[in-house]
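Dropping a structure here in structure tokens format, bear with me for questions.
Naming follows writing order (A, B and C), and every chain is counted from residue 1.
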Amino acid sequence: MIVLAYILLILAGAFLLYMTFRTNDRRYIYLAVAFYVIFPVVLTMQLPIDISPESQQLYDAIAALPDSSAVMLTFDYYASTLAETEPMSRAVLHHMFKKNCRVVTMTTIPLGGPSISERVTRDLAEEYGKEYGVDYVNLGYKANYVAVLKGMGSSIKAIYPADNSGTPLDEIPLMAEIKNYDDLDFICVIADNGVVEYWMSIVNAQYGIKIGSGVTAVMAPKIYAYVGSGQMTGLLGGMKGAADYEKLVGKPDAAIKGMAAQSLVHLFIIFAVIVGNVIYIVERRRGKGRV
Amino acid sequence: MSFVEHLQIWIAAFFMLSLFSFLYKDNPFYKLAEHIFAGLSAGYYIGLVWHAVILQTMINPMIQDGKWWLFIPGLLGVMMFSRFFKGFHWISRYSLAFVMGNTAGIFLLSELHGKVIPQVQATMRSVDPSQGFGGLLLSVIIITGVISTLLYFYFSKEHKGLLGGVAKLGIWFIMVSFGAHFGYTVMARISLLIGQVQFLIFDWGGSIQQIFF
Amino acid sequence: MRTTVPVIIAFLSGFVMILAFFFNPEKSFIGRLEPEVLAWVTIVGGFTLLLGVVSIVRVNFTAVKRRKENWPYKLATLISIFAMAIPAILPSSWSPLLGTGTGSIYDWLFNYLDAPMMSTMFAMLAFYIASAAFRAFRARNAEATLLLVTATLVMLWRVPMGEAFLKSIHGDLPQYINTYIMGGANLAVQRGIIIGAAMGAAAMSLRIMLGIERTYMGK
């Protein structure tokens, strides 16, 4: 039965590629991509996940923190990449709350950052029975991330006189204990843009605090350089990284559920590239040069 | 699910499908969704800046903590709007110069101290004979890759002779890295689509099931 | 006055940041000045965000007023801006629907309209990238072939089905890809680019502080 399903899947993909080539209408390829995403999601297919060493490194770094450590989790991503980044934030926050860490969250993203961080932290805090202001605080957004990152090194209160909902920091018990980076044990940056590099070059380099990160797949290859240099302690790369962490904390969610669809579409694209190149080679030999 | 929950899921699904309809061809639903999206995003900034910047960082500290001098950055901020008035646009240069100069001051040190030095150090330290053949091979790849990439981007001398050869090697390394980037980019884009499909199937599909079945 | 003063401002504000790097943040005047100056920057930065909004309102308002092509859509943009902004800036003490907190109109509009649309806009790129891979990703020469082979290996390695396939060829193949392609050749190139770009950024910063670089002033 499963073999038959796979044969049908391959035939469907091959047929749609053939139609794309014949009609030169790219919508057939769109149809194929939609098909390979919808099919495994509808069937809720789940595949075994092998943990990447970089994901394991991040997990180990957080696991090694003493209970009740003060940590920072950043929501440096736009809503456009929620499918990759929110599962990372959730998985990491699960881990932090499980360890009874005191969590400070913030964002450098003006469009949606504060709303996303508020939604995710309150959602998980409810699950773990955490109290706002004592166990976690959401600082929200301030403009110009370079100034924000640098300024928090001297005084968080100077940059964030109040939290996301406008409560003065002086009235928040947790923030009485956390004045600047010296009072934090670890920072986990979840980002979909270059701000993660400034967390390295400004915060890690100048204040010596350990930083781990979860970034979108587009960013991940670049961040390998920081992991290799030891500036970054662990890395979650794209949905696979999120799936790794969900498995590590034992909270399978959207990322693990998405890996089957991810697999099928990747295989389809590789198949399409091979077919495209075969057509190209054949036509070049015939001297047509159409493709 | 309550009526409101159903309604909000249907609204989100409607606008998502309106945008996806562009894949077939441009149409009024797509255009409407696109324009509403642009408007809401711009409107979001107004609410955010009003609360997070103007009230929390400027006005409240001025009133509650007596930090009257915060009117200066406020004034600098307002001066930015002189760009919209012909003949007065030069006033905005003062505010821009303040932000640019400040950022430049931070970058001048952080780019060297936080990027160049640690990355050069890590390259030098990558040579570790205790790691065996695999480690040695990795060191050779890293050192050769870093030097050849840097030399590929060195355009003050024509890429001929030894420099040309090393630059050519640099291109090969760059192609491997760009290939990895492409692979990861494909992954990123597909992940985003999966997220949307999960919403449409589980949330919207769940709502449809509850209402109609 | 129009050029010299901004150059002096840029130099002084940058110089304070450089000095602050070398001083104790709590025990020196410069150290205590630093977070204050940075708070100023966040305030000015906030106003710059509004520049774009004012520009969008101006452009769309003019188009609606003059009944330009597609003006009803531009009217929708204007209505959306104000529908989001007006309830947000009114105090939440009047009603929980106002302000920017959880359960407000602002929060609702973001979570159920803006965020899904933003995600969808980017999700559409999945279709385009698949189409581009089929139509344009060709092994035209040695370099392009190298790129194509690496991309294929990485695409396989990053998903469970592909990883299983690679393991069936050689048990350690996924680990080799991670070590030698991602942590080797890719890391080396990224490191080269980071070093080069960082030196360029530092040089540009110095040019801005010294007033040599004035393009941000429109010069």
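By definition in this document, a contact is a pair of C-beta atoms (placed from the backbone, for glycine too) under 8 Å apart; a residue touches a chain by one contact, two chains touch by 3 or more.
Remember, it's a predicted structure, so these values are computed and weren't measured experimentally.
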Report task. Averaging each chain's C-alpha atoms to get its centre, pick out the one most distant from chain B. Result -> A
Requested in this report: Name the chain pair with more contacting C-beta pairs, choosing from A-B and A-C.
Outcome: A-C
**Report entry** Computed distance of Cα centres, chain C from chain B, in Å
**Finding:** 3
Query raised in the report: Just curious, how far off is chain B from chain A if you go by their C-alpha centres, in Å?
Result: 13
Report summary line: So, in whole Å, the Cα centroid of chain A is separated from that of chain C by 15
Query raised in the report: What positions in chain C touch 2 or more of the other chains?
Result: 17, 21, 38-39, 41-46, 48-49, 100, 110-111, 114, 116, 118-119, 121-123, 126-127, 129-130, 133, 148, 151-152, 155, 158-159, 182-183, 186-187, 190-191, 193-194, 198
Report summary line: Residue numbers in chain A touching two or more further chains are 30, 33-34, 37, 80-83, 110-112, 114, 142-144, 147, 150, 197, 201, 206, 217, 221, 225, 228-229, 237-238, 240, 262, 265-266, 269
Query raised in the report: For chain B, what residues touch not just one other chain but two or more?
Result: 23, 41, 44-45, 48-49, 51-53, 57, 99, 102-103, 106-107, 111, 115, 119, 122, 142, 177, 180-181, 184-187, 190, 192-193, 195-196
**Report entry** chain C residues within the chain A interface of the complex
**Finding:** 17, 21, 25-26, 31-32, 34-36, 38-39, 41-46, 48-49, 100-102, 107, 110-111, 114-116, 118-119, 121-123, 126-127, 129-131, 133-135, 137-139, 148, 151-152, 155-156, 158-163, 174, 178, 182-183, 186-187, 190-191, 193-194, 198
Query - Complex contacts: residues of chain A adjacent to chain C - result: 17, 20, 26, 29-30, 32-34, 37, 47-50, 52-53, 78-83, 110-112, 114-116, 118-119, 122, 142-144, 147-148, 150-151, 153-155, 158-159, 165, 180, 197, 201, 206, 217, 221-222, 224-225, 227-229, 237-238, 240, 259-260, 262-270, 272-273, 275-277, 280-281, 291
Query raised in the report: Where on chain C is chain B touching in the complex?
Result: 2-3, 5-7, 9-18, 21, 37-58, 70, 73-74, 76-85, 88-89, 99-100, 106, 108-114, 116-130, 133, 143-144, 146-155, 157-159, 179-196, 198-199, 201-202, 204-206, 208-209, 216-218
Report summary line: In their shared complex, chain B is touched by residues of chain A numbered 27, 30, 33-34, 37-38, 41-42, 80-84, 110-112, 114, 140-144, 146-147, 150, 160-162, 164, 166, 168, 197-198, 200-202, 204-206, 216-218, 220-221, 225, 228-231, 237-240, 254, 257-258, 261-262, 265-266, 269
Query raised in the report: Which of the residues in chain B end up touching chain C in this complex?
Result: 8-9, 11-13, 15-16, 19-20, 22-23, 31-54, 57-58, 70, 72-74, 76-78, 80-81, 83-84, 89-90, 93-109, 111-112, 115-116, 119-120, 122-123, 134, 137-138, 141-150, 152-153, 170-187, 189-190, 192-193, 195-196, 199
